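Look at the two complexes coming up: chain A is in both, with chain B in one and chain C in the other.
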Partner chain A sequence: MKKNNQRQGLITAGIVIVLLAVLVLLDNAAWVPPMLLTVLRKGVIYALVAVSMNLLNGFTGLFSLGQAGFMLLGAYSYAVLTIPVENQTAIYQQFKNGGLHFSITESLTNVMGEFGTLIGVIICLIIAGAVAALFAYLIGLPVLRLKSDYLAIATLGFAEILRALVQFEKLGPVTNGSNLLYGFTSFSNFQIGTLHLGTVMPFLFSGACIWIVVLLINSTYGRAFKAIRDDEVAAEAMGINLAKHKRMSFVISSFFAGISGGLLAMYQASVQAVTFKSAMTYEILLIVVIGGIGSITGSILASFLFVGCSEWWLRFLDNTTVVSLNGKIASVIVICVAIVGVVALIFWRNRKKAFADKRNTIFLTLIVGAVLLAGQIKFAISSSLQLPLLRSGFRMVIFSIVIMIMVLFFSKGIMGDRELPDLLQKRRNAKAAKASKGGDAQ
Partner chain B sequence: MSKNVLKVENATMQFGGVVAVDNMNLEVNEGEIVSLIGPNGAGKTTAFNVITGVYAPSNGCVWFEGDKIVENYPHGKMQKLYKGQNNGKYSHITAPTPDRITKLGMARTFQNIRLWKSQTVFENVLIAKHLRTTSNLFSATFRLNHAEEKRQREECDELLRVMELDGVRDELATSLPYGQQRRVEIARALATQPKLLLLDEPAAGMNPQETDELTAFIGKIRDNFKLTVFLIEHHMDLVMDISDRIYVLDFGKLIASGTPEEIQNNQRVIDAYLGVSNDA
Partner chain C sequence: MSRILPYLLSGISVGGQYALISIGYTMVYGILRLINFAHGDIFTVAGLLMVYAAATMPLYISAPLVIILTIILGVLVEKVAYKPLRTAPRMSVMISAIGMSYLLQNTMWYLTGGLAKKYPTLPWISDKINVGGTTTSRVTLITPFLTVILVIFLVMLIKKTKIGMAMRAASRDFETAQLMGVKVDSVVSFTFIVGSGLAAVGSMLYFTNYATVTPVVGAMPGLKAFVAAVFGGIGSIPGAVIGGFIIGICESFIKGASWTTFSDAFTFGLLIVILGVKPTGLFGESLTEKV
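Presenting the complex of A and B:
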């Protein structure tokens, strides 16, 4: 048992070191597409928020939609505390004598150099988390008495209130009203000599936080959270203090949401309240649902997939014109294959039904498919390079359709409530069982 | 005379105009097995819910090991509606949540089984140990409490062995047959280290053989864990076999109490169960 644990620890450490090495390489190699770095950075930050939301929604069973609000608190706390003093007059030009007139990272850098910056960033991120946690504690006192949808509505409203409050003019000397905050320490500030560390740092910060959440979930408190999720009445009857544990989960979740808000501020290198709309909460909720409610690895995978799709892989759908004939042919082929594939999929799913039952579905599918194909063929034989259907923003339409299909057909998400190591373990067990069976047969 | 573990004093539970439990007085002494029986809808489960803190009684109080743990009197809206007795006798509100009562040493099972469905048998029992943990959030997260964690796991394994559940340790709790699920629920209640065990219809939905096993089992755990047992039950075989004393509840009122023989020959109990013919 102990030996096994040691082996597992070594394997984990090995994976982590290899991952970090690859990231450092990606950061410094010239051939890496900049989009990849964007996806990696934003993806890992979203992974942390998704995990923090999953702790609340998936492991404690509290349906809360306040994540964007807590991220906003974290982002602003981080930004306000780290803007260098000499930049403050320029940034707060609308507000006379605005800004805090000190900067934690700057002061520490002056004292300890490069290392001081790192310490300062860590301190500020923890403060960012603590501010979010404090607000979560206060709002949690009344709000956590609510259940399910009512809790979601209350927290959503709270997040919107926070956004309005930050933009409030009287708070301008601190938050700069609805104007941009910028010029603070961001990921591009991290480098040793000529070695860029802009992608490794978010991975380190997020990874550490996610690791803490995983430890928490597997501790006695995490088990109590799961008991509350599964059956509140039984949990209370077995001596689990509902109010205390719900508040605990809410505060911890908000703490990590605050930290990820700080990280997002570092990634964007600027903070503005407008970005933290409720749409952001829905994006995160989507990641949690796609990854599987109650699965940490699911949330992490889904956040990379989500960010990859929305930022990078579906970008080509936003192009309205193709440059050359080759591009035109390629796009026609890709879209035709997609249409035929979807039609075939619908046919295949209905293959066992009687014709009378599926008549409407089949006709509708055929008509829509034929119209779309005709459009493509018309485009192929015409001389214009203006793509039909595709407009800027069409990416989001396709993305929404993909998500709808996802939720309809894989309602448990990618991972369900399992974790990646569980799946590997299961395969190993199955292999072992097979091997022993084979042995018996002989 | 051994001291009483549980004492319910003048407890009345009124929902709107309906008096579900009416002026109930009962005592459960240390080491006894006491049953609460009554026809359907007599208010037995409501009585349990009052004792375990799910409901605060409309009037009356509950004592546990010599301490008053629950007390309430008609106030607010209930003041006008109250139909029960002893109005004005109590003047304090003590209404702890169920988890605090469980922490004092009173554990219960449910009439309709309420196991944590995504957890294994072992985890179900282990989670019930959470209320006895001394580690805080920080030490639990960073595994500074591994000595305690290890001890708790060993205790749970021991408990499962005593309950003859070690064969299904890693099965999902809700995938077990009905009788075993009941036993997991009892094991889970025992994991909270209670002094008083409250069983709400432990034999509901069991066949005669399972019921016989359960009868032997309840006596065994009483001796093994030095418990006092208070149970609600419909199976008269089981009740008459294991009870030291029986209380009978009908329409919220206690109509009889005594040893199994006394109850069997009590005319009011027979009337409550079988009804009174009009032409008698």
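Presenting the complex of A and C:
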């Protein structure tokens, strides 16, 4: 058993080292499309916040929608603490004598050079998380007594309150009101000589945090969380302190949301309260749902998919014209396949129902599908290169339709509540379980 | 008095609009135990439809048309996003509602190109009038009366008609009502018809005062209307209306005291307080599983 663990540890370490090496390569190679780096950076930050939300929603069963608020706190704490002193007058021009008049990263950089910057960033990220966790503790006192949808609305409300608070003018000397904060240490500051590390660092930070969450979930606390999720009454009867564990899960989840907020600030290189709207929480929730509620690897995969689709792969839907005939044919084929696929999906979904029950659905689907297909064929035989429907914003419409299809037809998400390593080693695990069971019996 | 009056007037007016939206929330929640997150967006869609409809046709055609289209949209949302999940866990349905809200917002963004659309000036109700020394538009005065009339009509409908009785049965106990021969699907559809119709009326009144429509403008009034519904006791229509008026008036006074930043915060603070002190709201029936 011990040997097995050791081997697993070695494999994991090997994967991590290879991944980091690949990332360093991607960071510095000239042929890498910049979009790839964007997706990787943003994706890994979203992965952290999705995991933190999953800890709360998927593992503890608390339906909270306050994630954007805690990210906002983290982002602001990080930004306020790291803006260099000489930039502060320019940034806080609306507020006389604004800013903190010190910057943790700057002072540490002056003392210890580049290593100091790293230490400073880590300290500030931890402070960012701690601020979010502190607020989560205070908010949790009244809110965690509520259940399901009331909890959701109350946390959503608190996120909005936090957003209003940050924009409050009396706090302007610290938060700069509703104006932009910028000029602080961001990912582009990470480089050793000519070696860029702008993508490696978010992976390191996020990876470390996600690893801590995984350790937590596999600990006794994690098992207590899952027990609460499955049945509160039974969990309480087993001696689990409900209030304590719920609060703990809420505070820890907010801590990591705060850190991811700080990372997001570093990624964007600027912070403004308007970006942390409830729409952001919804996006993160949808990521969690797509990945599978209760699956860490699912959340991570889904974050990259989500960010990749919304930032990169579906971009072509926003273009109004195609450049060549080939592009036109390709787009017609892609859209036709999508239409036929959705129609087939609805049919497959209703295959067990009696015809009388599904008559309306089938007719409606067929008519809508036929109209859309006819539109595509008309476009295909016409000579214009001006795509029908496609224009700025269409990407997000298609994207949200895909998400709705996921939510309605595959409510378990990509991974369900399983993890990727489990799936890969399902057989081996089953064997091992059998063997260990036999061993216990003896 | 002359200093307070304008705030009071605008508070009552906004409150009436919140009340009209919150009826949709409270009825849907009463029957399906679902926070219809898309309701705020349906309200916004009604605003956008009015922008397009009023550009081409006169008011006496466009207004009913907008209401009918909004109702169709509301029922469609229910059929597509909520009906297939009738037996699913509550969390799935709520996620579906959030997904629907996301879809509606993105679609509106696509259709408008993300630009704020100017809301048409509705004749007569946008006219300026003078009340007690303060100038205000006529819609401010009409809103509370219209709200109260519609609510009385609705309460009569629920108390006196067959479909109203079916609604009460379904909200008391969904499964038993089904066993007793109530066609719950048509009851739910009817709920969405009433809710969306009132949201459409509410949007006409609301946007007359606010001049522009953007894809996300409905999210905040939507949430506030939900808070109003919780405040008044979810499931209770008079409760939702009174909650709407109270929130509207308080908010207006907070804005008047130049604490505008905290007018939203106040609403959610109120939610926390009411859930902590009296979870069933002002007029809610006490159900053990609620909070």
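Methods note: the second predicted complex is superposed on the first by the 394 of 442 C-alpha atoms of A that agree within 3 Å, B and C clash if a C-alpha of one lies under 4 Å from a C-alpha of the other, contacts with A are read in each partner's own complex, and residues count from 1 in each chain.
Definition applied: a contact is a pair of C-beta atoms (placed from the backbone, for glycine too) under 8 Å apart; a residue touches a chain by one contact, two chains touch by 3 or more.
In this text the structure is predicted, and so the values were computed from the model without any measurement.
Asks: Give one word, clash or fit, describing how chain B and chain C relate on chain A after superposing.
Replies: Once chain A is superposed (C-alpha atoms), there is room for both chain B and chain C without a clash.
Asks: Once the structures are superposed on A, label A:169 by its partner contacts, choosing first (chain B), second (chain C), both or neither.
Replies: Touch status of A:169: second partner only.
Asks: With the two structures laid over each other on chain A, which partner does A:145 touch: chain B (first), chain C (second), both, or neither?
Replies: A:145: touches chain C, not chain B.
Asks: Please state, to the nearest 10 degrees, the angle that the Cα centres of chain B and chain C subtend at the Cα centre of chain A after superposition.
Replies: 80
Asks: Under the stated touch criterion, which partner chain does A:233 make contact with: chain B (first), chain C (second), both, or neither?
Replies: A:233: touches chain B, not chain C.
Asks: Would you check which partner chain A:34 touches, where first means chain B only, second means chain C only, and both and neither mean what they say?
Replies: The answer is neither, since A:34 touches no partner chain.
Asks: Using the superposition described at the top, determine whether chain B or chain C touches more residues of chain A.
Replies: C
Asks: Can you give the closest approach of chain B to chain C, taken over C-alpha atoms and in whole Å, for the superposition?
Replies: The answer is 13 Å, the least C-alpha separation in the overlay.
Asks: Of the residues on chain A, which ones does chain B touch that chain C also touches?
Replies: On chain A, no residue contacts both chain B in one structure and chain C in the other.
Asks: So in the complex, the part of chain A that touches chain C is made up of which residues?
Replies: 63, 142-143, 145-150, 152-154, 156-158, 160-161, 164-165, 167-169, 277-279, 282-283, 285-286, 289, 293, 391-394, 396-397, 399-401, 403-404, 407-408, 411
Asks: If you look only at chain B, which of its residues touch chain A in the complex?
Replies: On the chain B side, the touching residues are 52, 54, 97-100, 102-103, 107-108, 110, 114-119, 123, 126-131, 133, 135, 137, 140-143, 145, 149, 152, 188-189, 192.
Asks: Which residues of chain C touch chain A in the complex?
Replies: Interface residues on the chain C side: 33-35, 80-81, 84-85, 88, 90-92, 94-96, 98-103, 105-107, 109-111, 113-114, 216, 219-220, 223, 226-227, 230, 261-262, 264-265, 267-269, 271-272, 275-276, 279, 290-291.
Asks: Mind listing the chain A positions that touch chain B in their complex?
Replies: By the definition above, chain A touches chain B via 212, 215-216, 219-221, 223-224, 226-227, 229-231, 233-243, 248, 252, 294, 417.
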